[in-house]
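This report refers to the structure that appears directly beneath it.
Going by the order they are written in, the chains are A, B, C and D; count residues from 1 in each one.
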Amino acid sequence: MNLSQLKPKAALPEPEKTHLKQATQGHRFDAELVAVTKSYGPGAPAVDDISLRIPRGSYCCLLGPSGCGKSTTLRMLAGHEDVTEGAILIHDEEVTHKLPVDRGTSMMFQDYALFPHLSSLDNVAFSLKVRGVATTERRKQARAYLELVQMDHLADRLPNQLSGGQQQRVALARSLITRPKVLLLDEPLSALDPFLRIKMRSELKRIQKELGISFIHVTHSQDEALALSDMIVVMNDAKIMQAAPVREVFETPTNAFVARFLGGQNVLTSDTHQVSVRTDRCRLGRSPGMRSLEGQIAMIEYQGNLVRITLQTTLGDEMTVLQSDTEYFAQNPQIGDTAVMSWHPSDEHVLDPMQAG
Amino acid sequence: MATRKRKRPASFYVLATLLGAYAVFLYAPMACVYVLSFQGPQGGMSFPMVGWSTHWFQVLFQGTGGQGVGDIPSAFRRSIRLALIVGVLTMIISVSAGMAYRRKFPGANFVFYSAIASMVLPGIFVGFGIALTFNLLGWRVNWFSSGIGAQLTWTLPFGMLIMFIVLGRFNPAYEEAATDLGANARQRFWMVIVPIILPGIIAITMASLTSSYEETARTQLNVGTGNTMPMEITGLLTAATSPVIFAVGTVTTFVSFSLVIASLLIMTRLAKRRSSRTAQ
Amino acid sequence: MTPKTPKDASTTAPGTTPAPTGLSRRALLKTGAAAGAASLFPAPMLWAQNIKDVKIVHAGQSYSTIPNIAEQANKDLGFTVEMQTLDQTTQTNRMLTQPDTLDVVDVPNTSMKYFLGRDILMPLAVKDYKWWDKTVPLFTQGTYPNGEAYSMQGYAPIKAQYYTSEKAKEYSLTPTEWLVGVPLYYNADTIGIRPDLIDRPIESWADLLSSDFNGKVALQDGVAVGVPDAAMALEAMGDVTYVDKGNMTKEEIDATIDKLIAYKKDGHFRSFWTTFEQSVQLMASGEVVLESMWAPAVTEVRTRGIECKYNGMKEGYRGWYIMMMGMSHLDGLQRDCAIEYMNWYNSGWVGAFISRQGFYNSVPENVQPMMTENEYGYWYEGKAATDDILNPFGKVMETAGAVRDGGALWDRMGNIGIWNSLMDEDRYLVRRWQDFIAA
Amino acid sequence: MKLNPKAVSLLQVAPMGIIFTAMVLVPLLIIIVVSFLDYDFARVFPEIYLGSWQDVLTSQLTLDLYETTFKFVAIVWVITFSLGFSIAYFLVFHVRTLQIRLMLLAAIAIPFWTSGPIRAVAWVPLLGREGLVNQALLGLGIVDQPVAWLMYSEFAILVAYIHLLTMPMVITISNSMMKIPGSIIQAAQDAGASEFQIIREIILPLARPGIAIGTIFVVTAVMGDFFIVKTMSGGQVNTATMAIVTELNAFQYPPAAAKSVLMLAIVLGLVALLLRFADIRKELTK
């Protein structure tokens, strides 16, 4: 079947490609948070005065450590959590006090939340059923969505007869059938094994591109965020550290937390500034015109075409050098060796000073 | 629990009113019991009140005290002793059986339907059957043999059903996780299952304590000499009338109220400890 | 009180010849008893020593197994008496299925047929019971004191008072040397009336079924009492005629039940009560204005300041009695103590205690010295009270000037129209009674 | 030594099995035998007599008894279920904190620690001719004569049953409801289901085990009860169990035995039927 049938209701009819259609709808952002705070009673708020704009048709990852407020943010977007202060907009329309169903969002839960007493097909068809769509019609549509997630062959199974990955596909189909303007995913891949995780994530990306709607995806995995995102929002301690296109976040982290959390960066002090340098721009050994730091080789990780070497500096910091295997075998350093890490000053990216905590 | 955290929906008020009305209905006859227990010394078991006094409580606590109210303190002691033993036995046996039902095993239907039969058979008939069986075998009935046995036929089916509720949808992953971490069967039981089903265990013990304390039909022929509390009350009601029975009702409510509050405190504390342990 | 009876027993007990081994259990018990008693004879001190460990379990009605009585017994006698109050059904079942768990029982007349020929009860020799000569002739002779025969409709006392012989499986209607048990107390029941709610005198059982009181009448539940009451009323109404309404034929039962069903469908009955408390509550709360009732329940209603009358009907009263018996498993010292206890029970103190609840004791001579003149006058002699009448627990039942409804003992007990009954056609009656309740 | 899992299960269930065998099945066997014997005056003779069974299986009385009994079961079930489900739903999905929920549950349970006979006595001052309800009705001018059918009637029986049996429904249903993950309700909300649709499509089916167990409680309690029938009707209503008790009180064991066996068969049949709709045990072995 043609995917365009599965697009949000607001989308124009086929045959045009969906993500192009989104541009014609005239709204600026798919989702917007304006100074949103969430507190549970006295004490530090769970989400502290955050503002965020998610452009049309983006795959946006909310990334951060456990307890940073990213899930709460997602649940506020979904309408499953009250907003203490601030406003939420979906497609430029304020939805702060609307019911989940009236927001045009749909949430995919971490535990999938499939209805245990309904078959895959009926799970997917549920939202049509509650809208009063006739049985044959809703089953037909639901089957189409099961096809989209390649689950049509297991349509009659109950959730507990499905594997984790299969349950997730059903949950995805069930979310999509509501034709949401924004799909919210709460750690959708965390329960899957690594192989499935990679497969599913390309699947998610494919579906997002085809539907052209925004996906907002909560994760604590940097790899996942980097692989999927158009836009990454890094959160820590109830605040947004950085919200920017993926490349910008990776190459020019705003502060040491972002740099460290995303990985691939060494955070060090140079000329009293805190700076970050990409690990693949660092090398072992001194070179003229390059800045350097001395340390002891603490660990060597062979990763195939690359080798990750960890250096313990005299101050106790850990620095990483990512070398090509050719370079590595040329130098052949050993654990325990004293070594020097050097980098080009132009590769330094100056970080904002971190607040305490 | 996740619900709409917005404005209370209209259904909230409708249902809250319903609950309120139910509470009034529930406590109305109880209120009569409580009020009438403070009947004056000349008063009877129904309205009007002939003055107010704590006379009937004194009668209750002073035992016979020349008031001819039967030997309520001894009956109470007997009942409590029996209830404690039956409560603990029911808890152990039901938990054990509940664990058994997590697998398929031959005879599962047999035990299950025996339990249902035990619930369904008229109590006096079970009691009579047991007494008759003991009689045919030439055994003497006694509170600690036939008495406990007869009460167990009443409490165990409920214990089993509660275990079914408690263990239903009990996620086997907890146990599997514990096994992965090297726990043996005993550790798995004590360190994983028991803490999780603890509220259920408390519920079974409380429920069987209560039903043991209340049971007469099965007990009366099998308890041997010495009446239990409800037997004593029934005996009293058949030929006398005295508000001391309402005083018993008030005191039981008071005692059980304290018990419930205590176990509630324990449960919420446990729940809190658990949630603080698992809090993100 | 000194334990005299066992000594008497030792000299007169039957079967004192040593029994060879292999004899029946009964014979062995006898021998044991006699041997035990014989060894006591020369040394009363030893008796007192031995009985210390004897325990007698007395199970019975809630007005005869009162803790105060046990207290007094333990004071007067050298052994321990433990009391257990049981409802009639439980008690009979216990006696039938677990006779060993009881030693002495008191049971209503309507249960006597259940125990006949089952070797559950211990026959009592007339000579072992001290007060037989002083017992009212209702029991000893089967007559009123004036020698007149009383109604034999229902389970009259003489129908289950004597065994034909010690090991008999039958009751004797004429005096023998073997008593079924010791008659304890008895009463004449009639209709309780709320004169404040009724504007005419009630003098016939027929009023129970009068349409004047439709929906305001209660009967005692069950066939032993409810049916005799109903039969009194039906006969008085002329609805049904009986040959013996205390022991109906199947046809009479059918006629009775059919009539009762008609009344019930008419909404005539407000309730059938099973417990004392219910009967008091029905009357006191105005649920009913006429009700078959027990004397103490009427008194209880009156103590709440509510008028309640209990006068006799022209067709007579409904009589009943309670009998005390030892269980057949008793032997040796315990058997002696049980007999001693039964003698003690009718020696006066308990009789007075229970009489103050409104019942009559079978040995009034013993009771009289234990009561004040005022008390005995009020309860037994139909005299006006000269002072407050207290119940056994010190509660004021009546004040000076009050006269017992129906008058003196024999004004009431001398006019019995029917006794509580257990009919030969019990099986059929119970079956039809079910139809009645279901209707 | 490692036991096979089935053997472990058998060992675990053994104490319960032994108690039921000794204390229920053996007496039951005796009851069955007794139902085929002749009787008179508290005595059962070792002679085959089929009259008890004949009467039970052919008489109008049996039909009348079960008609009344099933009428009570049906009415009580419908009301306790509706009331129990609503209250449980309120407690689980509307009450926000666990403490308040437990407190309310406890408040509902507390009256049950007072003996049945005591509770039964307390109805007359409330529902009797001169009871509080009638006084209120008269005072408010709703009636000008005391209402008699409040007490000693089928209505009174139903009131007492509902008073007694709503609590087990609340407890068992709320237990099942508390096990429904919040995310499932949220997913249904996302899908656009109204509160009513969520109840019908999600909560009702998922609370089925609790409903089933509550139903077993209610059905067996009503069918096995005689005390409430007797006290609340003033001995004027007969049900299947009431009939058994009347016969036991008259020491007529064989007909009582036959009626008990029939009753047992009927209730076991009902339970088996119920388990077809919600097998409460299936959830355990999954």
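As a working rule, a contact is a pair of C-beta atoms (placed from the backbone, for glycine too) under 8 Å apart; a residue touches a chain by one contact, two chains touch by 3 or more.
No experiment lies behind these values; they were computed from the predicted model shown.
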**Message:** Considering only chains that satisfy the touch condition with subunit B, which of them also satisfy it with subunit C?
**Reply:** D
**Asked** Quick one: which chain's Cα centre is the longest way from subunit A's?
**Response** C
**Message:** If I average the C-alpha coordinates per chain and also across every protein chain shown, which chain's average lies closest to the global one?
**Reply:** B
**Message:** Once every inter-chain C-beta contact is counted, which two chains account for the most?
**Reply:** B-D
**Asked** What whole-Å value do you get for the distance between subunit A and subunit C if each is reduced to the mean of its CA atoms?
**Response** 89
**Request:** Can you check how far apart subunit B and subunit D are, centre to centre, with Cα atoms defining each centre and the answer in Å?
**Result:** 16
**Item:** Cα-centroid distance, subunit C relative to subunit D, in whole angstrom
**Value:** 38
**Between subunit B and subunit A, distance of the C-alpha-averaged centres to the nearest whole Å** = 52
**Fill in**
For subunit D, residue numbers touching 2 or more other chains are 121, 124-125, 128, 183, 186, 189, 248
**Residues of subunit A whose C-beta touches two or more other chains** = 80, 99
**Item:** Of all residues in subunit B, the ones touching two or more other chains
**Value:** 2, 4, 45-47, 128, 132, 234, 237
**Complete:** The answer for subunit B against subunit D in the complex is residues 1-4, 8-9, 11-12, 15-16, 18-19, 22-23, 25-30, 32-33, 36, 45-47, 92-94, 96-108, 110-126, 128-130, 132-133, 136, 149-150, 152-153, 156, 160-161, 164-170, 210, 213-214, 229-230, 233-234, 237, 245-246, 248-249, 252-253, 255-257, 260-261, 264, 267-268, 271
**Fill in**
subunit C partner, complex, touching residues on subunit B are 41-47, 50, 63-64, 66-68, 70-71, 128, 131-132, 134-135, 140-141, 220-221, 224-227, 231-232, 234-241
**Complete:** Listed in rising order, subunit C residues that touch subunit B in their complex are 57, 59, 61-63, 66-68, 71, 82-87, 90, 93-94, 97-98, 100-102, 274-278, 280-281, 284-285, 296-297, 300, 303-305, 392-396
**Request:** Give every residue of subunit D touching subunit C within the complex, in rising order.
**Result:** 39-43, 55, 61, 64-65, 68, 121, 124-125, 128-131, 148, 151-152, 230-231, 234-238, 242-243, 246-252, 255
**Complete:** Within the complex, subunit B is touched by subunit D residues 5-6, 8-13, 15-17, 19-28, 30-31, 83, 86-87, 89-94, 96, 98-99, 102-104, 106-119, 121-126, 128, 132, 163, 166, 172, 175-176, 178-179, 182-183, 185-186, 189, 195, 209-210, 213, 216-217, 220, 223-224, 226, 241, 244-245, 248, 253, 256-257, 260, 263-264, 267-268, 271, 280-281, 283-285
